[in-house]
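Here it is, the structure, as structure tokens.
We call the chains A, B, C and D, going by the order they appear; numbering starts again at 1 in every chain.
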Amino acid sequence: MITVNVKLFGPLKDILHADEVKVNVSPPYNGEAAFNALAEMYPELRAWKSSVRLAVNLEYTSFDRTLTSGDEISFIPPVSGG
Amino acid sequence: MITVNVKLFGPLKDILHADEVKVNVSPPYNGEAAFNALAEMYPELRAWKSSVRLAVNLEYTSFDRTLTSGDEISFIPPVSGG
Amino acid sequence: MVSITTDPIDVASIYQAVQSVHAGGIVLFAGTVRNRSQGRRVNALEYSAYIPMAEKLMAAIEEQMRAQWPLHHVVLVHRVGMLALGEVAIVTAVAAAHRKEAFEACRFGIDRIKAEVPIWKKEHFEDGQEWVVGRDDADTPMT
Amino acid sequence: MVSITTDPIDVASIYQAVQSVHAGGIVLFAGTVRNRSQGRRVNALEYSAYIPMAEKLMAAIEEQMRAQWPLHHVVLVHRVGMLALGEVAIVTAVAAAHRKEAFEACRFGIDRIKAEVPIWKKEHFEDGQEWVVGRDDADTPMT
């Protein structure tokens, strides 16, 4: 079991009512496992699974990226800057 | 015989050392006739014949455009604004 | 130069920052808060960002711009926080020797920022608030 | 709004003139006097215009822009006279609801002005002067 810090923004922040949350991730210790662990606590998140992108340590990456304890990750909702 | 006012700009103004010149135009009283009349007085102009555009009363037009006495015309060298 | 700021963006000072005797062409884009979105009256826009990641991606976009076009100066600034109508949310400004490069690079900059950079806007209406998510570009209030 | 002016062009005030709560995107192009042209050091640029015809054509260009794109504000200003290095010779500025239209219209405006409007520039070098005539766009000092 590893623990990662998940940063929350936009609509996801509104769902969790938090800027950041620590999540325990089981094997295979990747982005998808982290999302599923979070969505188990917050079922409203499930609807976002297909539209968010994973960022690990400030970089976009794929959901199968292996995580390490202490990683800062974020599930990035579709952006709307500008 | 008609008389038109020819406005001069850029390199053409430098050739004639004038902003404006009156030119008597013979038949067929068109832009080309006006250019030829002017080039007879200022042979240096001949080199410009293929690159200037004719303007009559502030509008671009073709060299075969018929002129009327008192028209304000100009032989517009390639522009370089901006 | 890239930045995310909570302060009002001063367009005139950005213009001053990019202009120089080496650059013949400057193109500046400013995105401002419009009073309507999809037919509804907007009162304000609230921008939030994943700031360190946004700054990192904006710096990468500046690098891509400089790699593709010979540019003298690049400024990419995005504001966050609550913005009133007419306020400037983003400026992308580019100075180059010639206008073609300046136009292309400036357009690339704003397009990439809107596509990639983790910044989100929430529209504040008379009767509620709404995150702008996955909306077609042409329909967003700020394009 | 179009004009030919002998006064210095104030980019900041043009930005103010085009921005509004109806327009989400503003694109501003400024053409300034560059210190080099075709490898030679430029001291100044002198612009002259067939002013009434230039204003008429610039007004027609503004009309063409407004016919092709939904624009809130358009400013096309060209300066004439002797300009020092770094000074602004031309500004084309456009405000539209969305950035795509603003970019396209602004680019169209400067492209048409450079192609059609009877304005000429003379480069002043250390050792002489030269009208810029029929030079490729990419080679002109001010594009």
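Keep this in mind: a contact is a pair of C-beta atoms (placed from the backbone, for glycine too) under 8 Å apart; a residue touches a chain by one contact, two chains touch by 3 or more.
Only a predicted model underlies this, so the values are computations on that prediction, with no experimental measurement involved.
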Message: What are the mutual neighbours of subunit B and subunit C in this structure?
response: D
Message: So if I look at the partners of subunit B and the partners of subunit D, which chains show up in both lists?
response: none
Message: Based on mean C-alpha positions, I'd like to know which chain lies farthest from subunit C.
response: B
- prompt: So what's the Cα centroid distance for subunit C and subunit D, whole Å?
  reply: 23
Field: subunit A and subunit B, separation of their C-alpha mean positions in angstrom
entry: 73
Message: Taking the mean of the CA coordinates per chain, how far is subunit A from subunit D in Å?
response: 49
Message: Counting only Cα atoms for the centres, state how far subunit A is from subunit C in Å.
response: 26
Task: Scan subunit B for residues touching two or more other chains and write them down.
output: 82
Query: Residues of subunit D that touch two or more other chains: which are they?
result: 31, 99, 110, 140, 142-143
Statement: Per the touch criterion, the pairs are A-C, B-D, C-D
Partner subunit D, residues of subunit B touching it in the complex: 7, 9-11, 13-14, 51, 55, 58-60, 74, 76-82
Message: For a test of understanding, state which residues of subunit D touch subunit B in their complex under the given definition.
response: 31, 47-50, 52-54, 56, 78, 89-90, 110, 113-122, 131-135, 140, 142-143
- prompt: Which residues of subunit C touch subunit D in the complex?
  reply: 11-12, 15, 19-36, 85-86, 97-100, 102-103, 106-107, 110, 137-138, 141-143
